[in-house]
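Down below are the structures I want you to see.
The two complexes that follow have chain A in common; it is paired with chain B in the first and with chain C in the second.
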Partner chain A sequence: MSDTQWPRFEVFQQDKPGQLHYNAGSVHAPDAEMALLNARDVFARRPRCHSMWVVPVSAISAWTYQELVERVWAADGSGAAAASPQPYAIFRKELNSRNTLEHVIYTGEVAAASPEDALQQARTAFDDGVPVAVWWVVPTWAITRSDPEEVGSFYEPALSKQYRQPNHYHTRAALEHFRQTVKEA
Partner chain B sequence: MDHRSALIVKLLAMADDELVLAHRNSEWTGHAPILEEDIAFANIAQDELGHAALWYEIVSALTGDNPDKLVFFREAAAYRNAPLVELPKGDWAFSMVRQYLFDAYEMVALPQLMNSTYKPVGDAAAKIRSEELYHLRHTMAWLKRLGLGTEESRSRSQQALNDLWPYALQLFVPVSDEHLLVEAGYMPDAAALQTEWLALVQPFLQECSLALPPHELAPGDRFHHTSYLAELLQEMQSVARLDPAAIW
Partner chain C sequence: MSQTDEEKLAEFEARIARGEKIEPGDWMPDEYRRQLIRMISQHAHSEVVGMLPEGAWITRAPNLRRKMVLLAKVQDEAGHGQYLYHAAETLGATREQMLADLLSGKAKYSSVFNYPTLTWADNAAIGLLVDGAAIKNQTMLAHCSYGPYSRAMVRICIEEGFHKKQGLEMIIRYAQGTPVQREMMQDAINRWWWPSVKMIGPHDSDSPNTPVLKRWGVKTKTNDEVRQEFINEMAPILLELGYTLPDPGLHQDENGDWRHGPIDWDEFWQVVRGNGPCNKERLAARQKAHEDGLWVREAVAAYAEKRQSVMAEG
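Right after this comes the complex of A and B.
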């Protein structure tokens, strides 16, 4: 069956200034600008969000823990070494058996000649002894970021929309009250 | 007519515009072109409903009428929305073009409403404006892609624009004694708003490769509705009217 969907974009969300962007999920969109708008509507409905990035899935190189264990690396990246280095954003998800809901989180940037080169550098540069379940490597040009000037219209209105929160409706209290009334009747 | 009565009519018109448009937009829920847009447009509908609530609350403070009562127990003839917002939702191009024309109208009106000498109006406008900035961005993104997309998307958008333009112009027809409100600094001058609106909308539509329709007003006005409004209200009010004494 052919895929009639628009391309998929991964969405990274930052809850508050200074925090790391984490992978919130994905959206379909015809282009990056629409992906950003869709991401805002799908993932920033509930507070709080400060910034979003979208990345087309085609721009992501991914490696899992298992792949890296089994992989025999070439002695050098001969062809890649000729290319001039460009910035890559590195994302990773920690291998954590206790919490399966761990996010893929932004880890930092490296300058590298290829995604593989970027991965190798990242494995050294960001090694803090924690095993990594999955690495994502993205050339920074492929990231579309929400405009800091638009925080007010993009994200702040959600803060005042308490009616979007399930606990706004006090359903439990209402149900208790209803049960009580029925019992007394 | 005095200031107070004129203000009540004007605020009802503003509230009813938002309410009826919200309801029409909500009809796309579950039917939008893709899931993401379904969520986005339902969001926008909910925002417009929230804006309606803000305007109804100001009416309520003036008249003592309960906003729910205004919404669910008023007949079509007493509604003061522009017929633009009561027209059936049509195809996706129709709903997007309508939303764009309305968002652009709000975008020029809100900064002036924020300066209203009637404080409740200024406060409500300030709240609404940050959301409208986003609405406009959303509908502009869609119009560009529809207008510059395929021949089918362009011709459907052009058709929608031709049909909607005469109705959109009615947004700038003053209600009875609106000049009293303008003189008092409560409300901006409608003719000046229309000039500003045209300056915003015309170049953008051209950028989207859409031709401007002739400058003609549609029949009907805020006091004379199409039969679509009664049908819409019949559905919208049906549950509330099943048991008028019910507490929500």
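Right after this comes the complex of A and C.
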């Protein structure tokens, strides 16, 4: 049947230059290019966006805090050790995160032989004493990024439509005005 | 060593008590997953069907500003549906199944979208009352213990702010308008008041899911608590603007709460069961939109396929 909803891509969003990319949600698309367009329309309607990454769900390895507590690690990934290292992007969500809008946040890159190897390295490399609720590991080849050259045009609709913002509607002043006219009448 | 289910449940409840979010991949009771899929998919369907009553007025907006505002609002509802389908997918529900259930009529969505929009003033009433009631519910759900649902709710609440305010702005304008304009707004309020009061859900005494949902931090308030907040906000402002509300029992009690009169729940359940004024029309509109979009999905798939083969050759 041709009528499918297509694979799922996780979407990472950067609101302003210099900030970290965070996971905002997911979209469905037949390929990464269309996923990026859908992601822009779904997640960057406002207030602003500077960059987006999309990753097919099949390329993401995820671990939760609970899984890591229960897990017994193999002493040595013998098959993995033979593979040549490749770059992995690491994302994590802190256990006591007070951030209500962002899921996992980009933490950095490691070179590793496998996703498990990348996780092990990340747990050491990015250990700052903060308990982590969720780790995501993504080979960097699986990330499709929005074009930095096209930031202006690609994300322009997020900025230009001011009537999408509540403060565009001066309801408080309008109510005050209404009260005045009632008083005067 | 693996934990027993009782130990897992105890830890799960302790995590919720500590204010931690439950994330995809974490252990959760089957009932928690089942209730969340039910709530989130219904919520997603409501956003999608919710585009229809107002969408019908985009081509008939009274001026360009109102047209742009309404377009942006309806586009937001489409986006909100997407956030919510995503949240349900993290629990194992599939997009294909959820859509199939919506299009076959098996899935439920908010009863409030089964009423007609008869005049332009209905868009004002929907903005203030329907979105106002939805925001009360969604603000509560933003504190939900399940991470993906709570994050979707936070995003939606931020965006819904303008939906409600553009409605209130119109209601204030109508209050300052000609007698005919005020009459038109009053008529819309008369028709949308009760559906908005009812959409918050049955009384707590008829809401069997509420205790377990509260215990697991899915809901943090009961339907009647949310309804009271809604009426306390809406009644004074509408009365001050010179409108009346179609509830002869409405009054302010000694605590300052605005109490409603008896609610006609038979009517509510009739609409939920598919016998509202527009149930059939809404479902037919969704089915038609899905069928009419088939060529777009085929074109997109063909383009993706072609691009892949070009890249493989190149």
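Miscellaneous remarks
FYI, the second predicted complex is superposed on the first by the 155 of 185 C-alpha atoms of A that agree within 3 Å, B and C clash if a C-alpha of one lies under 4 Å from a C-alpha of the other, contacts with A are read in each partner's own complex, and residues count from 1 in each chain.
Criterion: a contact is a pair of C-beta atoms (placed from the backbone, for glycine too) under 8 Å apart; a residue touches a chain by one contact, two chains touch by 3 or more.
Here the structure is a predicted model, which means the values were calculated and not measured.
In the overlay built on the shared chain, the residue A:Lys161 is in contact with chain B and with chain C.
Legend: residue contacts after superposition of the two complexes on their common chain; A:Phe178 is shown touching chain C, with no touch to chain B.
Contacts of A:Val42 after superposition on the shared chain: both chain B and chain C are touched.
Of the two partner chains placed by superposition, A:Thr124 touches none, neither chain B nor chain C. The partner of chain A that touches more of its residues, comparing chain B with chain C, is C. Using the contact criterion defined above for the overlaid structures, shared-chain residue A:Pro30 touches chain B and also reaches chain C. After overlaying the two complexes on the shared chain, residue contacts for A:Gln66 are found with chain C alone; chain B is out of touch. Legend: residue contacts after superposition of the two complexes on their common chain; A:Lys93 is shown touching chain C, with no touch to chain B. Contacts of A:Ala133 after superposition on the shared chain: chain C is touched, whereas chain B is not.
Across the two superposed structures, the residue set of chain A contacted by chain B and also by chain C is 6, 27-28, 30, 33-34, 41-42, 45, 161. For chain B in complex with chain A, the residues that touch the partner chain are 34-37, 39-40, 43, 47, 50, 127, 130-131, 133-134, 137-138, 141, 145. Within the complex formed with chain A, the chain C residues making contact are 2, 20-21, 23-27, 65, 68-69, 72, 75-76, 79, 82-83, 86-87, 89, 94-96, 99, 142, 147-148, 150-152, 154-155, 159, 161-162, 165-166, 168-169, 172-173, 175-176, 237, 240-241, 294, 297-298, 300-301, 303-305, 307-308. Of all residues in chain A, those touching chain B in their complex are 6, 27-30, 33-34, 37-38, 40-42, 45, 150, 152-154, 156-157, 160-161. Residues 2-6, 8, 24-28, 30-31, 33-34, 41-43, 45-46, 62-67, 70, 93, 95-97, 100-103, 133-134, 161, 163-166, 168-171, 174-175, 178-179, 181 of chain A touch chain C in their complex.
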